[in-house]
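Take this structure, written in structure tokens, and hold onto it; I'll ask about it next.
For clarity, chains are labelled A, B and C in written order, and residue numbers in each chain start from 1.
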């Protein structure tokens, strides 16, 4: 941001332009979500006939009622919460340790490990389904929420490590060195001194991973067949039958599932930006 | 040492005999359904509750796979060893599983089943993709007939449904002249195969897929005429522009929203359409007849099969038997919209309604020969689900000629047929 | 820090720090949970999956032929028309999506890089798309693009972009834009967040001294902002490109690779081959080619950064 002055009319023009641009982004970001909500409150009879209208002539809360009371959705929701929080927590712990290793140590093989982690991002996950299923079935990890947590954790660790490394970079090494001189082991220093300082960063990583786990569809679909263990994305698919798609209910369920994810992400995105900024300053 | 082993073996044998005598204590059966909707699952579970009540030592666990991903989901489960006992098996997948020896040959069970003699011949024939073996008990038939929108026809000044292919083209043209309307709800997306095959065979004049040498008939000049018929219909604008990508939901929606006036579909579409259109506005006619005087509406089916890995095959058969009993089958077929498998079912007042006329005319009339797709070919599933759709779209869009596409299909099918013949 | 604990651990700490082996091992100990997890869940299945590329494996058939060495690769390189189409489409899909997301995300970051009324609310809202599951946004955009039930074709028609309101997903020459738009909507927050963070790290003095030197807004951007955020740009573009080229969800939900393979990309082709045709051998071969391409791309980018850094 600059501190020199411009002529007042230029400032006003820029200000208006800025606001307009911001609002364009806001509308663009919200419009599809708004459309989702609109479909959820449209009665079925009007779905196709009033499809193009911005708001239906009559709204109904039936779809929400049905989803909450007459479907398996509450169970799917619960499973999603378990899996997403479980993944987020596990990833944060594992990634904190790994990020710490990258941040504090210059060790041989470091570049290789970084590259290996990058490599995992290139894997075509589609192809891993069958082998992973084969590996997990005898261990009883299919049809299991913990099986999903393990798989999701592995997928998210590389990027989360990158995030945590960035957040940890902003904490001076001197802090734990001081703690170690006072007699703590490095691990104790990490847990007692460093991590509390990266709480916002950890929160941000948690939120990012939570969002990713919350939305995952393919592995949840393939690894889980037992309805009692399904997560909500798979549950949404059950509204698509061979003969009809129950759009109203499907979107109502989607809206309800979106709320926690969006709220959570809206809350932590600030810390994400803050944490990455701090890391960037150092690195 | 020996006496101990002998003693232990004897004990084990006694124990097994004792439990066997108890009708195997508690058996749990896994049933997987693949054509799913919340209503169907509910109905299925009612039927299963009745079974469990009559057979208290058996519990049935139902797994419902989302239809859009059911094929790959089932395949993934099976390859990893999580195999259900009983499965709902659509016709197109039967050959794949049966030819890979995954399914139990149900012949010996059928021999002891009193109701079997009341099954229609079609029911017995269609469950058999390997000659002499029956791997599936169908629960009903999907047969194509032509839905037509009476109001649109009136508006366009047309008296009744087209009876021949030529009339069909004319009718489509006339109706397409109405602003914002089209004649035919073309299905160019998933499920398009049946349409292409029907038009090709209608022009070919016989429902033979392969000639004496084992070559596919789809690239013969007459069959190609049939493809040209439909690609011209699309390119002339007698079907909505987006229909090149339309699947089941879109064509049915197109019909009941009045966007297109004719739709070829199975009785299960009737359920969706009757819910959204008043009865007087539409009717169902038999499929139009080809230039050689014959019409070959496609007939498909789904039913119940048993996997080889089933531990208690007798219990699994009992379940299949229950689901396929006359009362259960009649109820189920009315609910899901298929033609039931027992002789005399058409006497039921439900099927006597005027909307079913189209289908029963096809079953009884001379000019129509319901034709099944060559689902006994293992590779047919891929042809139907991927290949025919993609290249069919290329032909509709004019990117390739109908001859070219027909040639590709004929080559693929001939190959598959020769493989099948070699394995016989 | 409790002095009691300190006293108790003093002895331990001393012993620990003196072992050379433990010094070398230390980082690895912290890395181990991550590495073990990645090895078990990703590498082992990947290696298993890749051995399929040299075999004829049909998912359900116990009668597959066994090792066929490079036959799959020969087929896909020389006689598979769909593979070539998918390859071209993947490039179009990836670079189109990344370019649009990047520039729009950069624009958003620039807009957010100053204080204004309601900024906190706005920031929370514009980042929302990233929290929406992609298959949901795919479905929603498919709705929006359908002229019967969505407004976009009608708007495009009113703007003169389309000659009649039809579904662009059914037109092979422009169908790819549908998933690209959905992907861009989803991906803008990713770039906006990371680039904003990088921008906020730039000390104000840099801008002020540039302004004093008489630099225009554009020059300040090019000579102060860009160099500072360049490392972040490099990482995020690399990551996002890799993620997107492996990302078939949107395409499968919106067009299923059609019409006529116009939107078929390599990952969706892999999926279809593996799970519809049940030909795991061939699918693995295609997957290996994709992995190789991404690998080469990553190395190229790495080299580019090195040369860029050495000249900067």
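Just so it is clear, a contact is a pair of C-beta atoms (placed from the backbone, for glycine too) under 8 Å apart; a residue touches a chain by one contact, two chains touch by 3 or more.
Since the structure is predicted, the reported quantities are computational estimates derived from the model, not experimental observations.
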Query raised in the report: What chain is the most remote from subunit A, judged by the mean position of CA atoms in each chain?
Result: B
Report summary line: If you tally C-beta contacts across A-B and across A-C, the winner is A-C
Query raised in the report: What whole-Å value do you get for the distance between subunit A and subunit B if each is reduced to the mean of its CA atoms?
Result: 41
Requested in this report: Round to the nearest whole Å and give the separation of the Cα centres of subunit A and subunit C.
Outcome: 15
Report task. Hunt down the residues of subunit A that sit against at least two other chains at once, touch-wise. Result -> 48, 130, 134
Report summary line: Flagged in subunit B as touching 2+ other chains are 72, 76, 79, 253, 257
Requested in this report: Identify all positions of subunit C at which a residue touches two or more other chains, and write them in rising order.
Outcome: 59, 146-148, 274-275
Query - subunit C-facing residues of subunit A, complex - result: 1-4, 18-19, 21-22, 25-26, 28-30, 32-33, 35-36, 39, 47-48, 51-52, 54, 93-95, 97-98, 100-101, 104-105, 107, 110, 113, 116-128, 130-132, 134-135, 150-151, 153-155, 157-159, 161-162, 179-180, 182-186, 188, 192, 211, 214-215, 217-218, 233, 236, 254, 257-258, 261-262, 264-267, 269-270, 272-278, 280-281
Query - For the subunit A and subunit B complex, residues of the former touching the latter - result: 45, 48-49, 71, 129-130, 133-134, 137-138, 142, 221-222, 225-227, 234, 237-246
Report task. Within their complex, state which residues of subunit B touch subunit A. Result -> 32, 35-38, 40, 63-69, 72-73, 76-77, 79-82, 248-249, 252-253, 257, 268-269, 271-272, 276
Requested in this report: Flag every residue of subunit C that touches subunit A in the complex, lowest number first.
Outcome: 1, 5-7, 9-10, 12-13, 16, 24, 26-28, 30-31, 33-35, 37-38, 40-46, 48-49, 59, 107-108, 111-116, 120, 122-137, 140-141, 143-144, 146-151, 154, 185, 188-189, 193-194, 196-198, 200-201, 204, 207-208, 211-212, 220, 232, 235, 238-239, 242-243, 246, 248-249, 267, 270-271, 274-275, 280, 283-284, 287, 290-291, 294-295, 298
Query raised in the report: How about subunit B: which of its residues touch subunit C in the complex?
Result: 71-72, 75-76, 78-79, 96-97, 100-102, 188-190, 241-245, 253, 257, 259, 381-382, 385-386, 389-391, 393-394, 397, 399
